[in-house]
C-alpha cells in the first residue's frame, strides 16, 4: 500500500486511543478501531455527539497527541508529530490567536518562524487577509474584533502557511447563528479557491450537510468509531430548504435517534 | 388603559434605553421607541442580530436595569425592580447557578429565601426536578452536570418559585446542536404543562420558529426597535422539514438579508 | 505511575538534593557562618533536650495563629464592605495602597508604645501583617462575583442582606481562602520582628538572641523551624480547604504546586 | 461625572479624612506616643533642612530598585523553566514552598558573609524578598498558557525555543507583571531589614535609629516616606504597564483599585 | 499571696505591709552583660524574700529597656553611662545605683580589634571603625580618637547592630577596627589578619552602667526600691560561687549558650552603689556630650539622682553627697 499512497491522503487504520489518569488506574477507551481515508482536496466532515472523541481524532491527525495503537499516516509517512503540511483551526480563536499581535502579525507568524523576508511576508499576509475579507483590519488587535472576524484571522493565519490539509475543530461552534451561516459560505468559497483537503469536526447535522462532500458519523463513546460514511452528492452552495438536503438531514437525524 | 390591563400582561410603550460611559461623554443609544405587548400565557420570541439590544430589553422587563424613557409595566404596575413574578433563565448556567449548592439546594434557594418550611420545600423541588427530568441527580453539584443538565437545573430553580413570567436569554446558546434540540422540545412540553408567559431571546431563526407563537424581530442597533412581529400559526411540536415552516424560515432569512 | 515518579512527587528527592547541596556548601565554610546539616542537627538536639525548642515553636505558632485569626476576622468584613460599597472602596483604596507598603517591622516601636510589651503588641504586629492581603483578596473576590448570580438571587426574592450572606460570601470563599493562605506566609515573616523586642521565648526570639551571641547553628535551627512550620501549616490549610470547603471550589495542594503525572 | 465623584476618585477626600482622623487621635495623646500630622510635618521639615530626608529616600529607593530589578531578572527565567519543565517544577516546588516562609531578615548574617557589609548584601536581601513571588507568579503564568496557542505555533513550524520566546513569554507577561508589582511591595517591606545592618543612611536606617533614640515623630516621617514611595512606585509601574505593555493585556490602575463611575 | 501593683496612692500601705509583695516590672537586656544578677535574684527567690514580685521582660539592648521605661511599660531600666546621659533628659527617670563598673579585670575583657595594617593610633586615619548603634561604644570611639588627636572627620564609622555583623565585616575588611567585649573576644581572636590592639582602658573611658527607675515609682515606693536593691545585692554575691548555675539559668530562660555566658561572667563586674566618682564620671560624660552638641534636652544631673533607697538598703555603698 505504501507504494500506492498519494502524498497528501490521510490514512487511518485500526486506530485505538486510550487515556489513563494520573495514577494509571482508570483507563478511558475513547476510540477503538477507527478506519478512514481522506482523499486529497476532499472536504470531509466528522459528525458525532459531544464527547465521542472527534477532537481526539483530529488532534491525532494534527500530531498533537499520539495514538495508542494502529496506523496513522499522511501518504506513506507516519504521523508522529505536528508538521506544517497540516494546520488546525481551533474552536476558540481567543485561545489560539496571539492577542499581543495585530491581525497582520498573527497571519505572518508562521512565515516569521520560517524566516520569510518581510516584503514577501507582507505580500502573502495581504493576500490571505483579503481572501478572508479582513482588508482594512490589518492593524487591529484580536480583542477589537468580533467572534466571526477572529475566526477569519485564524483561517488566514493557517492558509498563509500553505498547508496541504486544514483541520477544523468546530470552528464556528461559538458564533451566533447568523455569523455562522456567513462563515460557512465563506469557507466553501475559500476551499474551492485553494483546493485544500479539509477535515471538519462538528456536532451540528445541518452544518455537516451544508459543508461536507462526505460525512463520517462517529458513534457515542466510549470505544467510539466511525460507524457510517455518507456521501453527499449535492452541489455547492447548498440550500437548507432543498428537498434532497432535507431528506439527508432526516436520515442522519434518524440515525442518531436510534 | 390601566383599567383594562390584564394583571400579567407585559406592556412596553415607547421605551428608550441609552448607556453612557464613565465620563458621561460617550452616549450609546441602544433601544429607541420599542413597543410591545406580550399576553398572558404567550410564548414570545425576540429575534435579532448580536448586540442589537435583546438582553437589554429582557433585563429591563426583569427589572435588573432601568429604562431611560417610556413606560414598562406588568398589568397596571410599573416595573422598576426585580420581582418574584418574573424569573430569568440566563444563557450561562455556570454564571447563574450557585456552584456550592447541590441541584436540590439550588432549586430550593428561592423557597428558602421565602422561609418555606423544609418538607414543603422538598416536595416542591422534587416536583420540578422531576418535571425537568433530573430525578436521581438531586444531590450532585452543578460542576458534575453537563451543559444541558445545568440549564435544566436553572429552569427547575426558576419554576419552583412559580413566577408568572419566564424570561429566557439565549438559554440554549451554549449547548451543542443535539442537546439543544432536546431542550427545545422539553421547553415546549414544560411551557404547555405550566402555562407560563415566556419571553425567549435568541439569534437563531430556526430556534425562534421552533418555539415562538409570535416572533418579534429586532432591527440592528444602535437605536434598535421591534421592526416586525411574525405570527407563527403552526402546531407544536413543529417539524423543521414542514413546508410552511421552511416558508417562514425563508421569509425571515430574507428579512435579515435585506 | 512509576515508583520514581512517586518518589519525586513526595518531595523526598528534593530534600535529599537540598541536604547534599547544603552539606557541600558548608564543608568549605566556617561553621560559624554556615553550619552544615550535621551542625544544625546537633544544635537542634541541644535545644530540644529540655523541650524548649518545642515550647518555642509552640509559642511562636500560637502567636502567629492568634494574629492571623484576628487579622482575618478583621479583614474579611472590611473586604466585603469594600467590595460591595463603591463609595467605601473609593475612599479607602488610596489609603490601603499607601499603608500596605509600610513593613510591620517599622511599627515595632509604635506597637510597643500602644499595646505594651506583652503578647498584645506581638499579636497586633502579626495581625497587621495579615490584614491587607486578606482585605484586598476579599475585595477582589466580591468584585468578581458574577452579576447573574446576584440578579437571580434578587429575582428569587432575596434581600440585600441575604444576598450578602447566601451569594456574595459563598462565591468569595475561594478568594478569601487564598488571601488567608498567602497571609499565613506573611504572618510567619512577621514573627521575627514581633519577637525581636521584649520577648522571652519563641522562634523569632531565639534567632535574635542567637545572633547576639553569634550562635549560627541555633539561628539555622530557628530558620529551619520557621520553614517547616510554614510549610506544614500551609499544607494543612490546603488540606483543610479541600476537605471542608470543597463545595466552594477550593482544591487541595500548595497554592503553587507541581506534580508529575 | 460630577465634581464630587472626581474629587472622591482622586483620593484627596481620603487623605483629608485620614489627616483629620490622625489629628483627632493625636490630640489627646502624648506626642511621644502618637505624634500628630503637625508634629510629623515639623519632623519632616527638620529632616529636610539639610536635605538628608531626600537623600535617604533616594538611597533607599535606589536599593529597592536595584534589588527588585535583579530579583526579577533572576526569578523570571527560573519561573519560566519551572513552568515548562515538569521535573524541575516537581523537584523545586517543595523547597520553594519551604523557604518562602523564612523571612529575609533571617538571612542577614549569611548575606553579610557572602556579600560583605556594603551595598551588595542590602541589595541581595531585597532580591531575596522579591524572588519567590515573581518565580511563583511566572510559573503560574506559564502553566496557564492555553495549549491551543502552543499547538498552533508548533504546527506553524516554531521550534521549542521559538515557542518559549514568541508564545510562552508574551502570554505570561501579565502574570510576570503582576508578580513584579506585588514583589515591589515586598521589596519595600524588606528595606528596613536591609538597612538595619551597617547602614549610614536610608529610610529604613532612619526608622531604626529613631527607634533607638525614641524619636517617634521621625519614625512617623519614615513610615510616611515609605508609604508614599511605595504608593507612587506602584502607580508609576501600573501606568508604565498600561502604556508599554498594553498589547500583552495589562491594564492601568492599582493592582486593587476602586473607582466611582 | 495576693499581689498588688504599686499604685501611688497605695504606696504607704504597701511598704507598711511586707506580707503583700510589690510587683515590680524589671526590663533587662540579653546582650553582653546579660544582667544575671537580676535573673539569679529572681531564680533564687531573693526578690520574694524582700517582698518583691518581679516581672522580668527581656530586651536585646540596654537602650530598649530605657525606652520601655519611658513608655511606662517597665518600672526599671538599665543603661551604660553614655546612653544614660543621652536619655535622662526625656521623661521622668531617676538613677538609683550603679550596676557595673569597669575594673582592671573587666577592662581587660573589652578589646579593640584591628586589622593588621593598624599598629598605632595614627594608623586609624582614613579607616573604617565599627560601632554598635546606640551603645556606649559611640562614646568610647570618640574619646579614644580625641585622646589620640584624631579628628572624627578623618575616620569613617560603620554602624552595626549585632556582633556577627562586626565579625564578618572585620574578616572581609569592611571594617578595620571594632571594640568587642565579653564572650565574643575569643571568637574575634580567631580571625586571620586581625589582632587586638589595646583593651578599653586605653581609651580612657571607664564604662559603667546604672539602674534607672521611674521617678514617681521611687517617690512612692522608696521601700520597694530598697528591697529590689537588697535582692540584687544578694544576687551579685551569689554569682561568683555559682557560675555554672548562673549559666544554666541563662540557658534555661534565654537559650544563651552556656560557654559564652561563663565568658561574660568573667568580664562583668557587678556592683551596687553610688559614689562621688560615679557622679563625676557621669558629669564628665554629660559635659562632653554637651560640648559635642549631641545632647538635645537640657537637665541638671543632680536632679536625676536619688540614692535614698540605696542608702537605706546598702548604706556603706552610697557615699555620694548631693
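The first chain written gets the first letter, and so on, giving A, B, C, D and E; residue counts start at 1 in each chain.
Quick note on the criterion: a residue touches a chain if its C-beta (ideal position, glycine included) is under 8 Å from a C-beta of that chain, and two chains touch if they have at least 3 such contacts.
Predicted, not measured: the structure shown is a model, and the values here were computed from it.
Q: For this structure, which two chains have more C-beta pairs in contact than any other pair?
A: The largest set of C-beta contacts joins the chains C-D.
Q: By mean C-alpha coordinates, which chain is most distant from subunit B?
A: Greatest centre separation from subunit B goes to chain E.
Q: From subunit A, which chain is the farthest off, judged by mean CA positions?
A: Of all the other chains, the one whose centre lies farthest from subunit A is E.
Q: Report the inter-centroid distance (CA atoms only) between subunit A and subunit B in whole Å.
A: One centre to the other, that is 34 Å.
Q: Distance-wise, how many Å sit between the C-alpha centres of subunit C and subunit D, to the nearest whole number?
A: That gives a centre separation of 18 Å.
Q: Using CA atom averages as chain centres, what separation in Å is found between subunit B and subunit C?
A: Here the centre of subunit C sits 47 Å away from the centre of subunit B.
Q: Out of subunit D, which residues touch more than one other chain, so two or more?
A: Residues 32-33, 109, 113, 211, 214, 259, 261 of subunit D touch two or more partner chains.
Q: Please output the residue numbers of subunit E that touch at least 2 other chains, ranges allowed.
A: 67, 71, 162, 164, 168
Q: Considering subunit B alone, which of its residues make contact with at least two other chains?
A: none
Q: Would you tell me which residues of subunit C are touching subunit E in their complex?
A: 32-33, 47, 50, 52, 56, 109, 112-113, 116-117, 196-200, 205-206, 208-216, 218
Q: Sort out for me which residues of subunit C touch subunit B in the complex.
A: 146, 148-149, 151-159, 162, 166-167, 170-171, 173, 247-249
Q: Under the stated contact criterion, what part of subunit A meets subunit B in this complex?
A: The touching residues are 49-50, 146, 173, 176-179, 202-207, 240-241, 246, 249-250, 256.
Q: Inside the complex, what are the residues of subunit E that reach subunit D?
A: 61, 63, 66-67, 70-71, 86-87, 90-91, 133-134, 157-162, 164-165, 168-169, 172, 174-175
Q: Okay, in this complex, where on subunit B does subunit C touch?
A: 62-64, 82-84, 86-88, 90, 92, 95-96, 98-101, 109-110, 113-114, 141, 143, 157, 161
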